Amino acid sequence: MPAYSTNMRIKFPILALVLEVIMIILFSVFAVYDDGKGHDHDSSNSSHHAEPEDPMNLYPMFQDVHVMIFIGFGFLMTFLKRYGFSSVGVNLLLAAFGLQWGLLTQGFCHLTDGKIKISIFKIINADFSTATVLISFGAVLGKTSPVQLLIMTVLEIGIFAINEHLVAMFKATDVGASMIIHAFGAYFGLAVARVLYRPGLKNGHENDGSVYHSDMFAMIGTVFLWMFWPSFNSAIVEPGFPQMTAVINTYLSLAACVVSAYAVSSLVEHKGKLDMVHIQNATLAGGVAVGTCANMNIGPFGAMLIGFVAGIISTLGFKYLSPILASKLGIQDTCGVHNLHGMPGILGGLAGIVAVALGKIEGKASMQAAALASSLGFALVGGTITGFIMKLPFLAQPPDQNCFDDSIYWEVPEEAEEHEESLTAEHYKNKAEV
Amino acid sequence: MPAYSTNMRIKFPILALVLEVIMIILFSVFAVYDDGKGHDHDSSNSSHHAEPEDPMNLYPMFQDVHVMIFIGFGFLMTFLKRYGFSSVGVNLLLAAFGLQWGLLTQGFCHLTDGKIKISIFKIINADFSTATVLISFGAVLGKTSPVQLLIMTVLEIGIFAINEHLVAMFKATDVGASMIIHAFGAYFGLAVARVLYRPGLKNGHENDGSVYHSDMFAMIGTVFLWMFWPSFNSAIVEPGFPQMTAVINTYLSLAACVVSAYAVSSLVEHKGKLDMVHIQNATLAGGVAVGTCANMNIGPFGAMLIGFVAGIISTLGFKYLSPILASKLGIQDTCGVHNLHGMPGILGGLAGIVAVALGKIEGKASMQAAALASSLGFALVGGTITGFIMKLPFLAQPPDQNCFDDSIYWEVPEEAEEHEESLTAEHYKNKAEV
Amino acid sequence: MPAYSTNMRIKFPILALVLEVIMIILFSVFAVYDDGKGHDHDSSNSSHHAEPEDPMNLYPMFQDVHVMIFIGFGFLMTFLKRYGFSSVGVNLLLAAFGLQWGLLTQGFCHLTDGKIKISIFKIINADFSTATVLISFGAVLGKTSPVQLLIMTVLEIGIFAINEHLVAMFKATDVGASMIIHAFGAYFGLAVARVLYRPGLKNGHENDGSVYHSDMFAMIGTVFLWMFWPSFNSAIVEPGFPQMTAVINTYLSLAACVVSAYAVSSLVEHKGKLDMVHIQNATLAGGVAVGTCANMNIGPFGAMLIGFVAGIISTLGFKYLSPILASKLGIQDTCGVHNLHGMPGILGGLAGIVAVALGKIEGKASMQAAALASSLGFALVGGTITGFIMKLPFLAQPPDQNCFDDSIYWEVPEEAEEHEESLTAEHYKNKAEV
């Protein structure tokens, strides 16, 4: 049991309650239901977006995205042997708070008569805004307190809204958000992780790994993300054939990505075995990478090519790049978000520049490049500043020996600790030898 | 291995087969497919409900509700360390039987030319009717036999249909069913639990608790319930903007509820830690409490306020009220349904009375109050009678020492028992000391 | 650790990469997005199918089917104690590759101007085609290598497309695919299993069984399959009331099937206990069996009757037939696909013949019979040939002692092995006695 202050005794509940009360007050001032009149939101992400007549048209898409945010991201991070409560639990907390804050920050950029008119389209975007935080959460998973993470949520969603608004002003296209969510979220998180660098974890931590069942729980997250990614990339696309194109491109990119990720995982691993880390993550890189181009006429094979390359890059990143980032640059990226969201996000942004240059959709390649640069810039600068704020003494984080351990923040069933002991071979033998 | 009769040898299969044969006969007499003509069902829950033109319009909503019933309720109850098979398995049995019986009992109240015309709307309501049983199941989880629970299903769904019909006659509104499902199901279950009180469990039972992995499985249920609750509260609302309003109110209420539940959990627990019981349950109270008002113009902040309060009440209920109910009133509420469905359901009913009084929707506050009173009355009287029937000697229930144990009703893999032993610290040490 | 060649070192990555590159090339030549013009695909499964106006109309149905393929089949097979990674992981690989290959093979039968026009309808059918492989996978689970399974995927989906095309030419109806997917996939897999017969597994294998948690993971698969089966059976049905009929028939068949499967499981098991194997599988037989008749006017009670019988047959098959198939015919059917897909699929085909003869839908009973015979014939012949190909020396499969063991193909967390040891009672005692 830790002797240090976890911030949980008083700071966490006070901060959470104060933030929620602020939300309720701001909503009482600014938020109303959408009544179908006076829309202006379609300028945000898709210049072609036309409001569907039935206000519920997007609802099934919304629910798919919702599942990705809460089950997908939540369970994907449960791979750590002793950090499942925090993965799925803190994911729920950050996303539930973040979607309220995201509705406001994005809404402030699109006020109608001084009000934020909440529609299904708006709550999809609110869910999207939380995705940035959940991606960054992956980079610092196990090494930060809920208090720190709530602060990160406030700052990151604010900075995300500014960048998103800027990208919209560029008239750049990024329907599947390769740049503004995936690359942004990843590099934001990596910048935070850099600032919070812990030399004490240089040689690893006994809890920084999976057990058989925790890997199975993580696959729930992986597969739900994988299945619903076509909805993520098409939710805010113009209805009809463009939306169908986004679905098909994502479906095919992900399928090709799975095969290349499996192949490369086997190629680089000992005796040709597959590595669960790659399967849980790299199989999704195709969804990230095809995001910017999802609604473009890149052809089914073009989508597959993007996914194929993304699966290779992502798997190689896990195998070769992550260890270097940790040892040389001091970036300890717990979930490898650089490989799942960072590089594939940049690949998506680059593919978008090329596709626009080739005339696959209306737009300017230079503006696409500006959008990518803006997303990376805001992420790195914003993440660094956020990291320093999270490091402030009164937001103390768990000490190295308590990393990756639910029992600092959660009442853990007693058995689990006993059980855990029994799993350590040395301890096990010692007991037997008494 | 228990030496007593489990009822499983003959009574369970006979009862199940007889019930199913009765269902098939009744369906052959009464049930036909809806052909889109001669509808009268919209009087049941929403006076504004207009039949959508496409008979499949509600299908995505139906599937969301379906997931809540079978995955949501099923896995939410898997938190017990040795009762996972029964939780998800008996949940499946009761819901699969209950939806057939619910189609009939609700259908008898709305016959068209002497027939029950089955539509997507009707099967949503059939799923809803099973929710009452699954809520009550939570109150008696681990202490009742499948035979007893099938009897409870028959009685509870019948009583539910009567109460629902009465509430419809009052012209009271309860689209999200705070009163007619949540409060009804909870108090019905608590009344049954009171009748089946077991003094032998006063000091707890070694299996009445979770282990690390069982808490993770329960989170699958929690998160699916949480995500799809907007569909639960809006499925039978008039299409278009009213339905969108119900979605948004539920979405926001749940989001606010998560934050307040986390804050209060940390506030009341040892060292400010979070408690999985609260997170698994209290985070959902916002969905229950906003049910009655979901389609009303209460404003986004009004929905958040309801969720915020529900999260607080529910968490405090788990911490302080449940122990008192058990020790003073003899109500051993295994899953704490009073905190998740009971009190938030009443809160929802009260909010509905206030909202109707304030003119947020057409209706009479007095009729809303009558609906709440009726739901509670039918629940308490019906549950008490049902409890006494379940206590009849030939429906023998598991003895105290076999509570919360799958192995009475299931062929459990041998290893699990061995494993379980290894988790008991004393036993573990004894073995080592031999 | 196995000393034999697993094929994983070089053959697996090379095969996977080559197959994927071929896919991308074929897609670049043949595949384009559907633009809504010049459709001919509706001849494939439903003579009444009319193209919906919105190209995204079927998308929610598609996502339900998608969940069945990747979560449903994937997790259903995780019941084995040491084979969870392979179950859900190889399921993902085979389905992701198979859907690409299925799009092509089915598309070659329906070229428009020499091109395959990809629509939501087409990707639903692509997902369907992978289901045959995943069913067959169940018969050989734990005893085949990923290399063998990729070969099986290529061959089985090709043969499936030929049979499906033939059945369409018969103008036979099989909307829920009882014959062309379920019976076909099952008997194909059983034929493969027969060819790959292993005498060494005659007396069982220590890993050929479940543990408590693996049974819980499998229930995730079961319940998702169960819930979304109405979508599987109705996805390609003519929109409107026929589609609603297919949903309702499947919903009711599955509900009745659950009750009969539970009853019979208890009836045939020791002391009347329930058996997880039956619950995980036989509860789904109603969805299989009602497939061919799903869109027919068989009446709600007719659907329930089919489900009721399917639940009984399937449970009895697990209890009495599977052991005979293994001992007398040398068919070692790991997941019991004969009971879940084989017999219920034939039951569905027979019900379809009767229903067509009774005029429940336009068609000829003889053509229905021809479709059933064709499906079984292609399955048995195709499966046998495929089995011999899979047995070729350079596609070496795991030796008997490595069956049902993830660690041949996966980097398994070390603890899992230690853990596993601790679960063996003898070993456990030995350690203590040192």
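Each chain carries a letter (A, B and C) given by its place in the written order, and its residues are counted from 1.
Convention: a residue touches a chain if its C-beta (ideal position, glycine included) is under 8 Å from a C-beta of that chain, and two chains touch if they have at least 3 such contacts.
Quick caveat, the model's predicted, so the values are computed rather than measured.
> Could you give the fewest steps needed to travel from chain A to chain C through chains in contact?
Graph distance in the chain contact network comes out at 1.
> Same residues or different residues: which describes how chain B and chain C meet, taking over half shared numbers as same?
Mostly different residues: under half of the interface numbers shared.
> How many angstrom between the C-alpha centroids of chain C and chain B?
A distance of 33 Å separates the two centres.
> What parts of chain B, by residue number, touch at least two of the other chains?
60, 213, 220, 422, 432
> In the complex formed with chain C, which residues of chain A make contact?
It is residues 60, 64, 81, 209-213, 215-216, 219-220, 223-224, 226-228, 231, 239-241, 243-245, 247-248, 251-252, 254-256, 258-260, 262-264, 266-267, 269-276, 279, 283, 297, 299-301, 304-305, 308, 422-423, 425, 428-429, 432-433 of chain A that touch chain C.
> Please output the residues of chain C touching chain A within their complex, sorted ascending.
Those in contact with chain A are residues 6-10, 12-14, 16-17, 19-20, 23-25, 27-28, 31-36, 54-56, 59-60, 63, 66-67, 70-71, 74-75, 78, 84-85, 88-89, 92-93, 96-97, 99-100, 118-120, 123, 146, 213, 217, 220, 408-413, 415-416, 418-419, 422, 431-432, 434.
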